[in-house]
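Alright, structures below, take your time with them.
In the two complexes below, chain A is the common chain; its partner is chain B in one and chain C in the other.
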Partner chain A sequence: MSISCSRRVGGSAGRRVASFVAATILLAATARAQAAKPATAPEGPGKTLYVKWCSGCHGDGGAGDGYAASYMIPRPRDLTLGNFYIRSTKTGDVPTDADLRRTITDGFPGTAMSGWKTALSTAQIDTLVQYVKKFSPFFSGPAPTVLAAGPEPAPNSEGLVEGRRVYEQLKCFECHGQKGYGDGTSVPTLMDDQKMPIFSADLSKNWTFRGGPTVADIYRGFRTGLNGTPMPAYTAEANNVNDEQLWRLAQYVRSLAPAAPPDTSSMIHATMKMDGPLPATPDDKAWDEVPAHYVPLGGQVAIKPRWFTPSIDGVWVQAMYDMKKLALKLTWHDASRSPDTTFAPWIKKVVETLDHADPPPITAQGPDRIAITFPVKIAADSLRPFFLGGNSVRSAYVWRWSSSPDTAEEGTTRGLARFTPLAAKNGLGHSARYQDGEWQLQFTRALLPVDSTTAPTFGGDLPVPVAFFAADGSNGEIGMRGSMSGWYTIMIHMMGATQ
Partner chain B sequence: MTASPARDPSSNRELSFQQPGTGSDPPVPLSGRAEETGEPRVFLWTVLTLLAVYASLRFVVPWISLWLGTSQIPVPVPRFAIGLYMLCAVIGALVYVNSDARRWRLFLGPVVRLFALPRERIRWPQAVVFGAIPLVIGALAWNRVMPSSQPPAQLRMQHPTMPQKYVSLENPFRKLPEAERQKAEAEGVILYQKNCRPCHGTSADGNGPLARGLRLRPVNFTDPGTIATVVEPYVFWRVKEGGIGLPAIGTPWESAMPAWSDLTDDEIWKVVMATYALAGKEPRKPEGASP
Partner chain C sequence: MRLASVLLLVNVGPALAQTGSISGTVSLEGPAPAAKMLAVTKNQEVCGTSVRSRDIVVTGGKLEYAVASVEGVKGTVKPKSVLLSNTKCMFEPPYMGAGAGDTIVVDNQDAVLHNTHLGLQLGARVRTMGNWGLSDKGSSIRAEGPLRLAGNLDVGCDAHPWMSARITVFDHPYFGTSDQAGHFEIKDVPAGPHTVKVRHPVLGDLEQTVTVKAGAATAVTFSFPAARAANAAKTDE
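Let's turn to the complex of A and B:
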């Protein structure tokens, strides 16, 4: 990592340092006056727009300190520093107008920086592009150099092998992990230039990339680096590779993600196992035949304590059954097997960053957790419990798992935090594996419960409603802090067997 | 059933059947179209009656329990029960039709006309029906085995009636002089951006970063069908009591909308005003004195 870090200063760093010195002198002269009064938005066209739409996060002075800023990680960009993630220019350089226009128009997926194309007109966005540049003296320097890119070679299977080799040669895995799931060994120490904790990207989810999902976007991303983050810039000269190899790397990284973002229907289709018993472990080959359904998760902010900065953004769900049992497999990416002591400083940073967080305070690092909510009875009237394990109106039936100690239990809940283990146990089986930044967890239960008044029957005529909750202990997620989904349905087709 | 083919006087090609044991009845020429012979169209009416029974089981019965107040939401009739009722209805219809020999023959008329194969050529209705039979059976079997691609329908009402105690409330800040009103609205915007933005989005378009996990999407306030169609106390109620405060017809169990117990009533009025302002919408005017 140290090697990559020193490399990212290459390129136009000289000019950058020079302009920084100039700016410091300039700023020092006015520092006293500025410190005295609160920053105000600079005059000029776009001020009204900026104050109305942007300053709540980016602050009147553009320093990323608006009133809403402490509710989010990543924090709003400090526009005065001239550090921009998404650029077509050399590392250390400011972005071009086109780059800024693209960022403001499309936003960054999954962050508070939403795209503005629906709320603002193109003319308004253009005005804002010019206005945003007023915050930083770096824009007044010479126009930034746009990086030249060679042609992309046609993709082929040898190219992917070569791309993988370059991935290892350039040590991308130190931050992004062996399989690209964002679990590199450096992750616990990663910080952006505002000293905020930052995850490396999960390369298997290209739809979360700030700069765009395509091979060309990825190529541009590591050629330019993401200024202000630990993500370095790579050049052919400095890294002893040629341009074609860098394209191969981009093609390889693209291949880690599915061809299209996963479909987000609410139905999870269960597969009937025709031959032999259901698998006992989540890494059984039999699971390869079963379609995986992607369930996106968002921070749990529906009830207190709310959690605005979740780490798990989705889980793949598979369902398999035979005449006796139902098995569910959950697969999700998590940078650590919690509790993980290397993440102690990380949690400390998260806690410091969220100064407004709901009580109780986060004191210790918890385990990784999953909770699956079902209705107690699956009925045609479609009355359901609240998706977070029910509430005082209607209780729910929940499977919950924790990584340390590795246990799973079933219970009746009035909200996930109010869990009563089931007296008539239905022999809920489970098996969990953690490898390369990925959890795989299998639950197995009989279709018919011991007592059908306390637990649902699976495989009747009706689809099974389910809702998911996941927590990453190393991100400070204890109690109700974590990620949630709404109600999904598992379709079990017994082909007349139980009807 | 054995039947003896007889020549139809009106056409050389067509056949009629005579039921055994009903010899005393004058034979009805089966091929004679009802409209031509002035007889009632028994077959058509039977089919229409059965369709009506099916439609009421599917679409009318579910709402009866709601009107009767036995359930808070429409309860669909289970597929199995529909099958059972339809079986009874078909048997009933057949018994009725068969109870009178003449009616029975009138009933069979269109069926026989369709299936009786002429010697010279096959007419297109026959071709269509014979072609469709294997297709329909195939489709039914496929439907049974293959997962349907539609999630089971959840009936939901976005704007159920608000509780009585909210109806006559008024936003105290709307009545203030414009400068003070604007100040209250600006405070509301801050409350909105801190609390509501993660779900409802910075520009009130329902696209906040935390919305992605939710199946029941946070409301897009810029959509003219949302807050613009309700009066301000309605929005006040929704913010104060959240998803859990909805009656069952509004499916409270899938709404992530929090109940904002930690905001004071004044803060809620401010945030309500800000929500309208950010969305560029006006609240609906209360009708007369009592909205």
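Let's turn to the complex of A and C:
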């Protein structure tokens, strides 16, 4: 897929979704705050900062049990254990001050641990680094061993081939999948130290890597391992590789993600198909020529049952049209083609971990799902419906797809959960493919609806408002549980042909 | 000459003169429980479709892989190496004692990726003390840090969830792990009355008091009631 990249994820729409989710977690958690067990933060410089900014998640006593903690998988770090993911030190060791400073400063992208450089001064962060160490006796033990790194060899195409070979030799695919999409065969039983389910990293999204996106960050990650997770340390001596080969592996892993983080602005530009008909399937080569736009997704926490721990954090969207039809292709990564019996241990752990999730209880896996919300009518003065399929005040027009059985239908909705199939059908076509942890789904519909009072016309002068909802059925995402975007717009330039 | 004698007395003499050994046998009463078969969910080409659980290993009524220790006696650990193997998609040994400060060697004898993940139990929490990727047959690591603190270490392989083992680390040298004949030996124990505890990850603990005589081996036998194994089986279900 071709990827146009100019702005960082989180630059606009991504950040809107992320901050909405974070704010909702805190609001929801406030109700539980009274039940939080009392614990005391140690005395010393930094206590005030810690209690104000950190304890909501990490707990007054540092045990990772703040009032917001139970909405997160994985949980916030238990600081009393002195056990941290991102370090320059050997497996099992505590981090250095510089490691802690980096984690506090930059945060963990894609998680509730935000980078604090925007809120705190360097001096305040330094104070917190020393304060955090007070929680654990492990920082009073032996000094950590910082791993020495050789120089990175200059990247080249042979190096990438060698890196792929090392990827196979070290069997990285067992967790991360053949293409690195986080769909390895080990995934359904992966747990962190606290026996909570944990996904392997999707290596095609380096902007979500907890330890940073660069080749050096990746190299450090598999030299040190991520303490507390299944990600082990790979030493050269144990695995019959040399340091240069480990660098080649890091360069290869880096190459699985786009050269720059994707553009996440709210415009999705559709491409006009000049020659021949629109493709019928999402794996048609014609899609390779169409720019893909990345839409970050956050947990659906707007209406109950809310979902704070979605597995799908973004979807690539492509749009193509000719004089008669509009086709949308969605591409997203999902470790399971749901329902998937091998994920029985996973969903069991999810249910056990989310002991306070909104009712009704999750009793079984569902299918994977997509819902795309449009306004019923696209007009210059139109008010958009609620982005999750409208509501009782203003209904919406929705395409929804389910993986099992593989079906798609269009309907009028008053919220995604209240779906009425359209009487005047517009021949919505679809085609879905699942391979190597990736779904590709194409929808196709005529630009002009049969009945313009129940479905929108595409390809007028106005951009098409669109919002996305995705669900991974093996992660317990049934009903309104899943992940969502806000409003985006698809730009269709008809060159005056049909107006 | 006189100085040398004093040194001998201080450093070696008392230990030799006033210590004895404990020679123990651990049994499990009743018929040996049927070993559970654990389903293999991946790498079946190497691991097979199931593996025999080694959580209770009994031969002729004698219990292997029980760890005995003398309680409440201080002593200095002489660091040594202990070996933990990934073999036939199981850990060997499934349970052992080690001294705080021992070096651990972990090897992989299987042609699959194993990762050996040591987690120290700290109350209800677990802390990673080391986690290594051993990508193929012949891979091995040697590490000094993970066994530096006394306590129970859970050993797991994130790639193969049925694999588990335990290491109990002692901050003194007075411990031993039972062999196939259920036998363990604890040497150089200060003479006098002691509590000896036998630990087993599934069957629990047994304790008794023994009096160690200087220069002699004191025999002691431990016998786990059959009900312990039956209860463990019930809990599993």
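Everything that follows uses one rule, which is that the second predicted complex is superposed on the first by the 459 of 499 C-alpha atoms of A that agree within 3 Å, B and C clash if a C-alpha of one lies under 4 Å from a C-alpha of the other, contacts with A are read in each partner's own complex, and residues count from 1 in each chain.
Quick note on the criterion: a contact is a pair of C-beta atoms (placed from the backbone, for glycine too) under 8 Å apart; a residue touches a chain by one contact, two chains touch by 3 or more.
Remember, it's a predicted structure, so these values are computed and weren't measured experimentally.
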{"item": "Fit or clash - chain C, chain B, common chain A", "value": "fit"}
{"item": "First (chain B), second (chain C), both or neither touched by A:Gly225", "value": "second"}
{"item": "Touched partner set for A:Tyr488, first chain B, second chain C, both or neither", "value": "first"}
{"item": "Which of chain B and chain C A:Thr453 touches, first, second, both or neither", "value": "neither"}
{"item": "Touched partner set for A:Gly92, first chain B, second chain C, both or neither", "value": "second"}
{"item": "Of chain B and chain C, the chain that contacts the larger number of chain A residues", "value": "B"}
{"item": "First (chain B), second (chain C), both or neither touched by A:Ser157", "value": "neither"}
{"item": "Contacts of A:Thr111 with chain B and chain C, given as first, second, both or neither", "value": "first"}
{"item": "Chain C versus chain B - closest C-alpha approach in the superposed model, Å", "value": "23"}
{"item": "Sites on chain A touched by chain C in the complex", "value": "78, 80-83, 90-93, 138, 141-142, 145, 169-171, 174-175, 185-186, 189-191, 193-195, 222, 225, 227-228, 230-235, 237-240, 342, 345"}
{"item": "Residues of chain B touching chain A in the complex", "value": "71-73, 75-76, 78-80, 144-152, 154-155, 189-190, 193-194, 197-199, 201-203, 205, 207-216, 222, 243-244, 248, 251-254, 256-258, 262"}
{"item": "Sites on chain C touched by chain A in the complex", "value": "41-42, 112-113, 115-119, 122, 125-136, 138-141, 143, 145-146, 148, 158-159, 161"}
{"item": "Touching residues on chain A, where the partner in the complex is chain B", "value": "53, 56-57, 67-68, 71, 110-112, 114, 116, 118-119, 265-267, 269, 295-299, 301-304, 306, 308, 310, 313, 356, 380-387, 391, 393-394, 461-463, 483-489, 491, 493, 495-496, 499"}
